[in-house]
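Every chain is named by a letter (A, B, C and D) in the order it is written, and numbering of its residues begins at 1.
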């Protein structure tokens, strides 16, 4: 049968449909597809930085509800541009859209995704000299002058930092030990939640076992799997909605992000003393988000202005209060300290940043090995 | 009279052709559309299911079967069976709810019929996600339902959330409307004199119901079953929002492979496997029911 | 018109009442918490319209709403046209071949949404289409055709083949028979299918996420993005407004035909219509 | 297959054949229907009568053969160009149009101007007594009314032939009787050829000018109602219409021996040789149990069963081993209950030899 016969009507036989479809599919997708391709070296030189001057509306791509609306609104009013907002629910989703060629002006990746985007030449340089408020993050001695994920901070500006620990209900659980073992707490049996996040869940188990949070070693992963499966009898669910699981009373002990805990404690509950947070002694994963400007951004100038605008201490303070995550903006730090004064475990210190517990970009084999373990844990 | 016969046969040909041409014309555009946008994208999925992932995490075409070999895994099988169980439970519960509701509205709704059907459809227009999330808030340990139970002294709290029951309940909530509408439609069309005749024949409403009413609404039932079963089996929202540590479903697994797992080829193979299983089930189901439905 | 059956089935009436309570419980919760003056979704502390105020002033959300409406309207129109054509064509190709094509048209219903989404993304980028609201519409139409076809075929089966023949008999060409008789008789089913598709597309987030470009994103994408990490009551406010809008729409659908004095009733649209 | 010679044929079928796959549904049918005739195709379901009708209407293509309507070959004319109209079994009304528009549909397709359409629709609705329902939707009409709309919608086009496909099947008995009479009188009034398909023998006999009895795709017998009833030419025709006492036997010397003891004389029959197997039939109402007249053939027997039917009483009379006759007697004014026979009574069944019909 001629391949095109599938398109020949009036009588579309099933075989015709399939043959035609196959031919069409293969011919349409093989060349020039952004995704499906062979291994290629991708160390591209960094496209140069844009100037910080308004060059159009801002096409903005972020987690939902991850900046104070008043700040975004203030930007629109001050500069007379529109912010066109899109959201993602995962880094993989963000990456897929970026790789599809969508032209976003600013994106907010987690640290290890900065590494990936930078390596693949998908983001452009950001020249701090263009930013009037650069001093706020790139002051002398700042960790972010040369963070692990972006050598010399050439292509990113730090956005937030946070750590992962354990939040718990003081009225329900009294026997917390300050270890990740608390996620196996007998008092909280059936009320324990682990974050629905591959890196966080495997990382937590790895720390408890004394392994690297990024381990992809088969035998270590096997130990991690056994450990996590042993947790299931204590577990209520895997969920990243930590705040509402706590508020709803379902969670007594919750694997939790520091910012979410502060948010819960400061804004949602009547009696903050009912809740507490610990940074387990085996160490906690530290993570940070950054601002980056994609190479194909149509309005990199506006994006630069926007980043500079967000670095203004008053805006960083608004965002800190809205999100309860610390922004590494020098003059905004006191505001965070105020928020976190009753929960010092939520503080992220420079020393935390310099430790090894960061989620690094791994090779495909490693990611898939880890994913297989995580899938098996969740599915069993 | 043999002479005109052959000629007539020849002359009839263009007429039939003219008629089929219209239907063919009607089929042409949607078929071409489905080929371009659905079949070809599914072809990509099939091709990808034999593919691999590059070092930088990109899917690449290849000719490997290891993704399919990976499917032969007790964990996946268990997961599929679990999802199948949830979907079947969803269908069964939806039937138990939908039939009486559709029956009452169709045969006893009187002039409120349309209003009642509208009342069923309206919530369906508020976002599925928002409604599912509302259940989460309602059913949590300190949520409204448990608070009410406690205040009434009926119980000191029931664990609803993060259980299989919650997942199935969410699925039923999300899809029961697909069961009610077709059943309602076929009950509406039902000639009630049939029921009365049945009452004489079968003595008593219960037997009449099972021997007359239910068979007469088979078409609606079959449609409803399909429209609930398929989306329930592929759903991942209910398990994600209302599920617990042991309620992972196929939909979640596929989601996982395409997202965190960064293993699109495996996700594709899972999809192809699942769709094959479902297609076999569906064709068998259609074949079994279409002969019966035609008898109506 | 159906004759009334005398005795009410008590159990069924009971089930119906419980069903309605159950159906509306979460809706009421959504409405209630949209009026909460705190950001909590489980404890209610006092009435406030602050989330509605937020909503009205949140341009991004409003843009999303408009985008969603546009996408839903376009996809509804497109899938109605294509789905009806498919249904009409399939109706005349009966037997095994019809069954097979019928089964193939059902495939989009079986495919996990994320796969449809990813595949659509691969396809669009593969053929060099730039992602935009247009690609969302293309993908949504593809996904919705099956629903239209199922509903319209159901209705077509109810219209005896004889009706089409009667039209031919009275002087219609095949095409006129479709245009003057079949389509008008399908109208209730078309309205029903249209309403259903509109609701589905308006509510879809997975497919929409993968196929949107940099235009304002459809609303459910935002809802889903925020739901994974907890929902803001502003979302509840949107949900409540969507609900009210759809209720109004449906009430209009119920009342208008009566006001216009047309005998055909209205809401059998959704159910595919009665005879 | 013979049909009456025609002078002015309205429909002529020649060698009309329809096969679906390997099954022959209509088998080389030849038929001539005269103009202005009320013609019925009568037969059990599956006999090919509806298929024949559909081929005449143009909904189904003949496998072989020709169809002439008004002398014109329409075998390959599409339905919308044929000068025939159909009344469907399901009525097939257009639910989205009111009665007026349903009836006027065909004229509008023909491009008749609005005012004459209105006039003719009004006339036609008067004819079918639906003048007051012109603006109703079909869904608000009763079965009988819907039927009349379907009739009016077809008749208004003044076709050369009106095809009616079991139009009365969906009505209840009483309404059906009334409609039969009405249909017949309308036909007389408009003078259009009616080709009527039915499986109901009473209907066919009472309305038709001529009836063709069909079985397995062929016409078994074609003639006036009286012809086909009184003088069936085949076992099938005899059995399908009315009740008949059908007995199998052997021809010998002007008689049919149906059992060792019973031999029935059949003087009118010719063409059979001695020893030929034949069937013999006699209508139940031709058999007398009393008041025999001279020349009647008589058979002694015993009443085994009686059933009272109001106007008539039916008896089953045993006239020999494994041989029974059904007899239908009018309940005449002078007959009282005690005058009727009871099971066990000895009787004599007698009938005139010319009422014996021999079928080969």
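Definition applied: contacts are C-beta pairs under 8 Å (C-beta built on N, C-alpha and C of every residue); 3 or more make two chains touch, one makes a residue touch a chain.
All of these numbers come straight from a predicted model, not from anything done at the bench.
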Out of every possible chain pairing, name the one holding the most C-beta contact pairs. B-C
In terms of CA centroids, furthest away from chain C sits chain D
Cα-centroid distance, chain A relative to chain C, in whole angstrom: 34
Measuring from the mean C-alpha position of chain A to the mean C-alpha position of chain B, what distance in angstrom results? 34
Can you check how far apart chain A and chain D are, centre to centre, with Cα atoms defining each centre and the answer in Å? 83
In whole angstrom, how far does the Cα centroid of chain C sit from the Cα centroid of chain D? 52
Interface hub residues of chain A, defined as touching at least two other chains: 12, 17, 25, 28-30, 35-36, 90, 93, 241, 244, 247-249
Could you list which residues of chain B touch at least two other chains? 18-20, 23-24, 27, 31, 40-42, 44, 48, 137, 140, 142-143, 240-241, 258
Where chain D touches two or more other chains simultaneously, the residues are 78
For chain A, which residues are in contact with chain C within the complex? 12-14, 17, 25, 28-30, 32-36, 59, 63-65, 69, 72-73, 76, 82-90, 93, 96-97, 100-104, 240-244, 247-249, 260, 267-268, 270
Interface residues, chain A side, partner chain B - complex: 6-7, 9-12, 17-18, 20-22, 24-26, 28-30, 35-40, 42, 90, 92-93, 116, 119-120, 190-191, 196-198, 232, 235-238, 241, 244-245, 247-250, 363-364, 367-368, 371-372, 374-376, 378-380
Chain C to chain D touching residues, read off their complex: 160, 162-163, 165-173, 176, 181, 184-185, 187, 263-264, 275
For the complex, which residues does chain B have touching chain C? 18-20, 22-24, 26-27, 29-31, 33-34, 37-38, 40-42, 44-45, 48, 96-97, 100-101, 103-108, 110, 113-115, 117-131, 133-135, 137-138, 140, 142-144, 173, 181-182, 184-185, 188-193, 195-196, 205, 219, 223, 226-227, 230-231, 234, 236, 240-241, 250-251, 254-255, 258, 264, 267-268, 271, 274-275, 278-279, 282-283, 286-287, 290
Which bits of chain C are touching chain A when the two form their complex? 38-43, 54, 57-60, 63-64, 97, 100-101, 104, 118, 121-128, 130-131, 209-210, 212-217, 221-222, 224-232
